[in-house]
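You will see chain A twice below: alongside chain B first, and alongside chain C after that.
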Partner chain A sequence: MAQITGIPPWFKEARDKPCSTRDARGKGDGTEPFLAKTLSNIASAAARLLDSEECAGRPGLLQGLNPASRIAGICSVIMGAAITKNPAMLGGIILLTAVLAFASRVPPAVLVKRVMPAFAFTAVIIAPVFFMANAGFKAGVFIIARVTAMTALTALLALTTRQTDLFRGLRRLPVPQFFVTALFMTFRYIFILLKMAEDAAFAKKSRLISRAGLRQSQSQNQRWFASRVALFLKKSLDMAEDVMGAMASRGFTGQVKTFDGEGLRQRDYIWLFAAFFVFFLSVGF
Partner chain B sequence: MHIPDGYLSPATCALFYAGMAPVWFVSARKAERALKLKQLPLLSFGAAFAFVIMMFNIPVPGGTSGHMAATTLMAIILGPWAAVIALTLALSLQAFFFGDGGITTLAANCFNMAALMSFGGYYTYRLISAGAKPLQGAEPPRGDAGRLRRVIASAIGAYVAVNIAAFAAAMELGIQPLVAADALGRPLYAPYPLSIALPAMMIPHLLIFGPVEAFGTALAVSFIHRTDSAMLHAAGGAGGSLKPLWILLAIMIILTPLGLVATGTPWGEWGKGELAGLVGYVPAGMHRLGEMWTGVMPSYGIKGLNAVFGERLGSVAGYVIAATAGSAGVILAVYLWGRIWRK
Partner chain C sequence: MAGQVYKLEGVGYSYGTYSALKNISFTVNAGESLAILGANGSGKSSLLKILDGLQFASVGRVEFFGERITEETLKHGLLRCFRERVGFVFPEPDVQLFCPTVFEEVAFGPLQLDIPAAEARKRVADLLEMLGISALKERAPHTLSSGEKKKVAIASVLAVNPDVLLLDEPTNGLDPRTQVWLFELLGSLKALKKTVIMATHDLSLVQDFADRAIVLDESHTAAADGSCAAILRDKDLLLRANIIHEHTHRHGDVIHIHSHGPFATHDEHE
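Entry: the complex of A and B
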């Protein structure tokens, strides 16, 4: 292959990430730490918002249920986990969560990734309880298990429910319609603002030169932060105005009408019976 | 500050759902009245803004960074009632999609971070910025006293809001061992008592998270005031009456005598005799300095009052007079400060 000429050597170097500003001394990435953290937060938020869609699209036990019965059932099991004082009952709920995840074809790694932060946080917080005279090892493990079970169930609900199904399901439950509609719109707008935020952070990053003398001062960075907050706020208000205009011109009067989908089927009734059975069992134990 | 599932007992969660239901209802009504048909997209964009702004790290002095909740900023821009709804929406999505907070603890988190923070931050801001020069046009002159005062007010408002919410969360967590334990007295939910939960929550919020929130809010308000001050009251955030705040203050003053019901000495406020009883000795420095200044009204008492009214009635009267004098002193100081600033 003919040697490409005319391209500067730095252009041909492999970079670990786009726009990397690793400095010449090799002391880490020269990107402003606050900017790197911001980009990482945005990327992780976007990934989390989207990765449940993939799991929810698979054929599985929970995915096959009516959204309203799925939400009501999982919430009742969550309440069961909150109420029970019996370690065996709590162990049973954790086992049930694992079976539901398996039957719904939710990859264990995805579920564990979602549960791990709450588990790790609680484990660290609860550690001293193991040595408390009035609590002890059993009480500490029980609290950690309860938090883990409840977080896993919430994660399972999120991973097996498409976003549109979630809002459709909430609409059939005793949740105010105003709130559900606003929640649905918020979810849509989050993507718009996240994209805007990512663009702003990347634009800033791509203009940074990591040489110490050329790095921006703290006050410049702070001014940038303030200007972005003001910009997003302004854009949000302007877009809200535009959306409202569009809605009003289409005859919106405050009432949202949607297609609620089909009603409950036999399997939904069986699922609800099982879920409420777990709940009432937890009350007794 | 998001309380996860499993940290609060079901009874506590139910109490907060019952308490927040009317707040959500009234907020929706108030927001509807203030924002008319605009409310739905505006509240949703407000919620999305609060959600996204939490992703942004603020470069703070000292070379580190942190993120803000932007609740006070939202309350200043949208008004506190609309901010309650917007923050509730953001917290609901966080609980469901991110596992930040929980489903059973959602109402408690909304009480702390949507209601307390919005109202605490907003009314602190309003109280301090009341009388600041009115916002006029897009670009107020540099060095405008109104701008400086609003920026300081927003920073103090944000700081107060964060710490009120942290205090509430600490109280909720700290009472769990008292309200939910098994037959052997072992904790079933958050295991630490108030003596641990309060300092564990308050110290980082007073020293780190509060200043970060205040700093971020001040930066944003300063920039907005300089570039597009109309936004500060674009959606009903500015204006409105301070009457609810004064009513709340009056109720709190009226409730002050409730302190008389409390028995025993508050933790850490022991006298020398009590301390000697607890730890077996009185530190020399405390012994020496303890007598230097006993206050204008030592132990909330007034000399001679007991002789006139008797011991029980005298101590009650002294307590009420002390509370009234303290409240009047604070209000006088705020009034004088406002007068001086206006000049």
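Entry: the complex of A and C
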């Protein structure tokens, strides 16, 4: 086999000493906090997506419903939680959410994990209310319970609905078709860009040799970040152009045409009736 | 540097509930050229990332020259030595190239190693000359062609003179001339006794270059580990692992059944 010529002497030098923790020169993992955080966020986003897909694949009450009726029903219960002024009604909605989660075989820990950030955020935002009189305390608890119920229902919908079902369901509802398609494509390509972002972070991590080396040049870090932003902008623009071209080449003229999908079954009507009933009760109370 | 470079024992890796690798065990000796073969999604890239200490095995043990590679050991002192010795070429060069010019890109590694600026400049110039890309040194990486980007990505990794080179799908998207260039480069690295581990499904590259191959099947386990010649002769194994496929077509009254890939022959008649 032919070989490359002009190999410099330094490249021919072999190291004679293996790596050892006993005489290591560098300390620290060389991963800057923001890079480690980026990687960890990407990994947790991917894990969350996989969790959702796994949950959505289980046989359960919500999973067995038509996606359109599932979305419409949960949305009406969410609206009920948003407008009710009655603590008992709100408590009932939270109880209903727990029953739905149980019947849909959603692990409580997964649901709680999804709800906790919104719960904590709301608690922090309205913390001053708790220092007011008794009414303030009650109002604070009520707001937290309302946010918790709405977040839990949204999480429940996400956990029991595959991405494809979500978009299929939205298409059957009175949502503009082009909006749904744009949303689907955004969701689809965001994961490609997410994968690319992860690889970019890994590529940098694989070339980080010492923390000290990087600290010498903060501007290098900033340039890396700026170059990645520019790369993703360029890639997304290129991709958008390619996707548009691919759609046009297959006959797309601005109007998205899709299959109608499955019709509603008896259980969907029962579910919709129950969900709308909760909504009307919330309006009444 | 002689000896056993990597030792993997019962390595598994999962993304949430999805297993990307299951019970992988093998060793790699210094100077060896190893191909990791497998269909898309079989876990080749995850395995390379584990070998580069970018991801860590969910179960099992990974050793590099006898030192266990974990998040903790890299944090506590091994990292610099490990990164000096192991280079990773990603399949998509764009993710790897982040400096404003090719020259700075290739200099990134040596500067991390605290090599004096003058020496680093010489290294970069030598390397660009060796790889035949000196003319690109002032260009911005994003303005290069795919083949040129790949050359710069490889140069940026070779600049720290790694003993072990990990390549993920190295021939992906390369034109024939750049492929030949890559084959020649790998031949030179082999002659210099560098350890090269590549994940690929390009069997022509494996045949020409690798000493040994490990086949990952679609259940994410190692289906075979042996000499390249033996692995490439095992048509059933390659078919089972979805690395080649069989194709039937007709010439007049003769029906040909043959596998697709560089080892396809038209002598299997029915």
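The definition used in the following text is that the second predicted complex is superposed on the first by the 247 of 285 C-alpha atoms of A that agree within 3 Å, B and C clash if a C-alpha of one lies under 4 Å from a C-alpha of the other, contacts with A are read in each partner's own complex, and residues count from 1 in each chain.
Criterion: a residue touches a chain if its C-beta (ideal position, glycine included) is under 8 Å from a C-beta of that chain, and two chains touch if they have at least 3 such contacts.
Note that the structure is a prediction, hence the values are computed from the model and not measured.
Chemist: With the two complexes superposed on chain A, say which partner A:I126 touches: chain B (first), chain C (second), both, or neither.
Modeler: First partner only, chain B.
Chemist: Output check: A:L95 vs chain B and chain C. Expected answer is one of first, second, both, neither. What do you get?
Modeler: After superposition on chain A, A:L95 lies in contact with neither partner.
Chemist: Counting only touches as set out at the top, which of chain B and chain C does A:R207 meet: first, second, both, neither?
Modeler: The second partner, chain C, only.
Chemist: Is A:D199 in contact with chain B, with chain C, with both, or with neither (first, second, both, neither)?
Modeler: So A:D199 only meets chain C here.
Chemist: Which partner, chain B or chain C, is in contact with more residues of chain A?
Modeler: Looking at chain B versus chain C, the one contacting more residues of chain A is B.
Chemist: Regarding the shared-chain residue A:M150, is it in contact with chain B (first), chain C (second), both, or neither?
Modeler: Touch status of A:M150: first partner only.
Chemist: Check whether A:L173 is in contact with chain B, with chain C, with both or with neither, and answer first, second, both or neither.
Modeler: Neither partner.
Chemist: Check whether A:R223 is in contact with chain B, with chain C, with both or with neither, and answer first, second, both or neither.
Modeler: both
Chemist: Report, in rising order, the residues of chain A that make contact with chain B in one complex and with chain C in the other.
Modeler: 196, 223, 227-228, 230, 234
Chemist: Under the stated contact criterion, what part of chain B meets chain A in this complex?
Modeler: Touching chain A: residues 4-7, 9-10, 13, 24, 28, 37-38, 40-49, 51-59, 61, 63-65, 67, 70, 73, 77, 85, 88-90, 92-93, 95-99, 102-104, 182, 185-191, 216, 219-220, 222-224, 227-228, 231, 234-235 of chain B.
Chemist: Which part of chain A faces chain C closely enough to touch in the complex?
Modeler: For chain A paired with chain C, touching residues are 1-8, 10-21, 24-30, 43, 46-47, 50-51, 54, 196, 199-200, 202-210, 213-214, 223-224, 227-228, 230-231, 234-235.
Chemist: Tell me, which parts of chain C touch chain A in their complex?
Modeler: Counting only chain C, the residues touching chain A are 1, 3, 15-18, 49, 52, 54, 64-67, 71, 73-85, 87-88, 90, 92, 94-96, 98-100, 108-109, 111-114, 123, 126-127, 129-131, 142, 156-158, 160-161, 163, 183-185, 187-188, 191-193, 208-209.
Chemist: What part of chain A is in contact with chain B in the complex they form?
Modeler: Counting only chain A, the residues touching chain B are 32-35, 37-38, 41-42, 45, 48-49, 52, 75, 78-79, 81-83, 85, 114-115, 117-118, 121-122, 126, 129, 132, 134-136, 138-140, 142-143, 146-147, 149-151, 154-155, 157-158, 166, 176, 178-179, 181-183, 185-190, 192-194, 196-197, 218, 221-223, 225-230, 232-234, 236-237, 239-241, 243-244, 247-248, 252-254.
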